[in-house]
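Consider the two complexes below, in which chain A is the common component and chain B and chain C are the respective partners.
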Partner chain A sequence: MPYSRKPTRAEIRRERLQEAINFPLDWLEERSGLVGGIRYFLFRKVPADTNWMQTLGSAALTAFLVQAITGVILAMYYKPDPKDAYSSIQNITDHLTMGWMVRGMHKWGASVFIILMFLHMGRVFLFGAYKYPRELNWIIGVLILVMGMMEGFTGYLLPWDQTAYWASVVGINLNGTAPFLGPWLAQFLRSGQEIGADTLSRFYSLHMLLIPGGIISLIGLHLYLVIRLGVTSPPWSREAAGMVPADEEPVPLRPGLTRPVPRTIAAAQGDAGGSE
Partner chain B sequence: MAVVPQPQHEKPSRVEEARAGFARYKADVKKRGKPFYPYAMFHDTVMSLIVVTVILGLAAIWKWTSYGPHHDGTHQGLLGPEYTAPADPGTTSFVPRPDWYFYFLFYLLRIFKWPESVFLGTVGVPTIALILLLLLPFMDTRLERRPSHRPVAMVAMALTIVSMAVLTWKGATANEALASEVIANVPNWVKQEKLPPQALPGAKLFATAGCTACHTYLGTGSSNLGAPDLTAIGTRNLGITFQVNHLKCPSCVNPGSPMPKFASLGDTRLHQLAVFLEASKGPQH
Partner chain C sequence: MEPNGPAPEHEEHDEDIHLPPPSLWPVGFAVGVVVVLVGLIINPTLISPIGGAIAIIFGVLWARDATAELRGQPIHVEPERREMVEAGAGETAPPADQQGAALPPPEPGETFPRSRFLEGTTLGLGALIGGVITVPVAGFAVLPSFLRQRGHKVDLGPVAGFPQGQWYIATFTVDPSEGAVSRRTAFIRNNGPTTNNEPSFTIISNRCAHLGCPVQANGPTGAILGQKTVHEHTANGPVTLEPVVPAGFGCPCHGGQYDTEGNRTAGPPVRALDRYGFEVDHGRLVLLSTYSVSHVIGTGGQAKIYKYKEAGPGQHVDGPEQWFYPLQPPHH
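Right, the complex of A and B next:
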């Protein structure tokens, strides 16, 4: 550091502190590029006029994280066996400290997750955000929605009470009515002729290993594409929508007027203003 | 005459237009966008906090309103009981009900209740809807994104929302026959169908074992999943053996039947049910 005078002791201390803080970050960055990646993620530009409707995707992600965390805690106490499943659910609900809260959050978080996915999908449809070049991300999103509903179906059996049992009996039989694959699918879900211990552990495995694994991978891809392609601006915005070429300044309008302005009118206003 | 290739630079193709539009978007965001942190991230954080609060609130309401006088979670409460009685394959007096976000599928099945069309409700319509949803970006390839300039898409969206809402609502309020109400009709059945005394145990079993969740009998019950009306099933003279075998494993006798197996009722009760069904010859005058 080119000091014009001898650095004071405080300045030397600050500099050493900075080096100490930066060292692990530099170490990590040199070996993984992660620091740069996170910096890119945080400071990437998004359209200036994104609005509250565009928080629904991250809200759905939050609901999924709630499901993941509460699910891990429930798995520590739940016993996927017809003999013990019901009593372990009773134990979680009635006796474990905060057990009712963890189970309640998992049960109702599922509904909130599904609702938020539907709302997010509605927003994407309204904004036409599934159009070029984001077609692939729409498909991934639909697959996440379907897998989320599969989580709902497989999770519903686990408490092993009457509601759970009979809804699953009918649900599995309905799968069986599909042509060609139906009987095979019903057999696979039931894991035998009758709904029993094997069905329960199969549903448990699907519910907490296979489907969540799939959802997490798809969410990763979904976010990768969002970051790569950028956040869509509202379709009615003038800014950053690609509707006004970047080298033209957007035409200032009366405040509150948010519709895009046809180029010809914009040009006419520019003439009338005579500001150029 | 030789075909002379015409220069094509008057009108850009849709692909070129799309690419140019996206390049403009990228340049525009780079020039006039805001960094994700802290601007967009602030909104996301606020929304996420609301989501977690709502989930916690629902969990608390579920807990505090379902904790019943018997000191467990089987009380109905505002959001339903925390658990119902333990699963019992032997007693089928339970009306199967999925979680609420499957109600629209559940109700779809009641619309397609004729045996030939059940397939449409269970697989046909949902599969077609899913394929349409997946293929949406390839069906709507126009670049226009403003809702006011996409009348077809907006009408389709409104129709989808309305039909999903109606199906969910109808599914939620679908009037399921309660076993306690159905059993009150048994004396009436005996009178109208002139049932012999040995058919009475089977009639009571029929009323309480959940049969009327899908089948109808003299106007009682609700037809579901293509389940036939059983008022005059005895006129088909299928025989006690067939009835017992069918109840044990419906899809073995009648491939593709969505009816659950009732083998767990036990031979005695299955025989009683079969006697009742065979005795049911429709209203006798």
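Right, the complex of A and C next:
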């Protein structure tokens, strides 16, 4: 018998509410496994002494999302054409409701994104979180940083004022001085032998489609590796760093090594892991 | 029943599944809706009501069907059954998780050329399809920047408008269809006829040989000299000729300095300023494409100009550094 007494109305209501919430979630979970996946992603075990510095990566991700959202909205009003680009920016800034705000967020947020990436990089460096087995994630992070800077370069031309124009002239010609392929790269970026209407729309396309697509893919890989390899504990921690696969017993620490080695890795290293 | 067949409790599960019985009424309902919509176009007063009636009749029938169970009428749905299929020599296939592997392990030395072939053709076909799609798209992304680059001729007005020895800052539009983005500036001096009685002009591009900023003339211009700026209208649209007495040319960006022949005198530029080719057509000065210059010896009509194929700013055209730029992209 489920109840020793008759359930109160509040209890019945709560139970029904619970059911109403669970039903769609269960439906989704049964067909996709998404609910469990999201739970696995968000409710991971992390070392007990992680600290605030380890939120810099999420902060950089948030800054990127702000850029993506404000950028999509700016694209609704911006016109990538030499005749209209400058005036459409003036319109966004001076006339459209809240336009100054969203453009400001995008403009200043660009710097915030780059600064946060550098701070995140500094944290990873100082915590030694780039070391085995996380080297690949450092490399992916560097690629994200480079692509972030390419976003800065391509976005700078879009206001189409004198600063934008001449800065892009200099930037493109700087690329042109690279040995061997430099002149070809410069001509590709210029979309011809001189800066013209096609240069602006090319930069716009690179800025809002190609490079963001690349960054999003790399962020996906970056997060996949973070989840797979786990969060590093700070260097002063006595706790194990990173995640040991649930179905494996951690091998005891080797002397001089500050993290336990998952059994698979220890096995791959042969006897050295156990005998020392 | 076979020992490996479905267990008896599966039968009970069938009764737990509540599905509406199969019904054909929705088809009639859909036809009715279509007739309504077609009627709205053809004849809203006659055909649409007919469609509406069809839709209502079949809708009601459908609703009765769907709610039959709620109204206490038992429904009978024939559960789907799949017959066991004979496999091999008269044996019934066991469930996948029983009795080990379905196929016997391969004999040593046994190969599977057909599997290999199918693998290869699948991957190969995928690569072919990918290539057929990618090659033209990538070509479209890259090639227009390099192929069919057009040269332009710029009409700067009658040669008589350029008194001998006088420098002008000429501002003109290279391609009127592109608009202001193709506005360029050049420094022009009529050197007078050469010894062969050919016209001679020094026409220096204002694009800095460092990184492409606009070079300025170092010296007094029109208003200060008390000379008038000439405004012309040619086939290329408006042309402005502003008189100037330059001591040289200087770049505001990074401080590159040049003499009046465009030779670098100071700062970061790697060569002299580019020059425009020119021709005199029916007594009018016409600018042609630009070319690069490493240095110039002498002045005016007697100058010896070391010409090179047009190169981008910052790229060496002579000395060992030129080896870094062996192949320039096509240029008009």
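Keep in mind that, in the parts below, the second predicted complex is superposed on the first by the 223 of 276 C-alpha atoms of A that agree within 3 Å, B and C clash if a C-alpha of one lies under 4 Å from a C-alpha of the other, contacts with A are read in each partner's own complex, and residues count from 1 in each chain.
In this section, a residue touches a chain if its C-beta (ideal position, glycine included) is under 8 Å from a C-beta of that chain, and two chains touch if they have at least 3 such contacts.
Computed from a predicted structure; not experimentally measured.
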* chain C versus chain B on the shared chain A, clash or fit after superposition -> clash
* **chain B versus chain C as contact partner of A:173, first or second or both or neither** => both
* To do: Could you tell me if A:190 is touching chain B, chain C, both of them or neither one (first, second, both, neither)?
  => second
* To do: Identify the partner contact of A:28: answer first if only chain B is touched, second if only chain C is, both if each is, neither if none is.
  => neither
* Asked: Is A:128 touching the first partner chain B, the second partner chain C, both, or neither of them?
  -> first
* To do: Examine A:226 and indicate which partner it touches, taking first as chain B and second as chain C; both and neither are also allowed.
  => neither
* Does chain B (first) or chain C (second) touch A:43, or do both, or does neither? -> first
* **Touched partner set for A:63, first chain B, second chain C, both or neither** => first
* Asked: Which of the two partners, first being chain B and second being chain C, lies in contact with A:159: first, second, both, or neither?
  -> first
* Asked: Which partner does A:182 contact after superposing on A: first (chain B), second (chain C), both, neither?
  -> both
* Asked: Who wins on chain A residues touched, chain B or chain C?
  -> B
* To do: From the options 1-9, 55-63, 91-99 or 181-189, pick the one stretch of chain C whose C-alpha atoms clash with chain B.
  => 181-189
* Structure fact -> Overlap of chain B and chain C contacts on chain A, residues 82, 166, 169-170, 173-174, 176-177, 179, 182-183, 194-195
* Asked: Okay, in this complex, where on chain C does chain A touch?
  -> 142, 144-146, 149, 174, 178-182, 211-214, 253, 311-315, 324-329, 331-332
* Structure fact -> Residue set of chain B touching chain A in the complex reads 18, 21-37, 39-41, 43-44, 46-48, 50-52, 54-56, 58-60, 62-63, 72-73, 79, 82-89, 92, 94-102, 109, 118-119, 122-123, 130, 133-134, 136-138, 140-147, 150, 153, 157, 161, 210, 225, 251, 256, 258-261, 263-264
* Asked: chain C touches which residues of chain A in the complex?
  -> 82-83, 166, 169-170, 172-174, 176-177, 179-180, 182-184, 186-188, 190-197
* chain B touches which residues of chain A in the complex? -> 41-48, 50, 52, 54-56, 58-59, 62-63, 66, 82, 86, 89-90, 93-94, 100-101, 103-105, 107-112, 114-116, 122, 125-135, 138-139, 142, 146, 149, 152-153, 156, 159-167, 169-171, 173-174, 176-179, 182-183, 194-195, 230-233, 235-236, 239-246, 250, 260
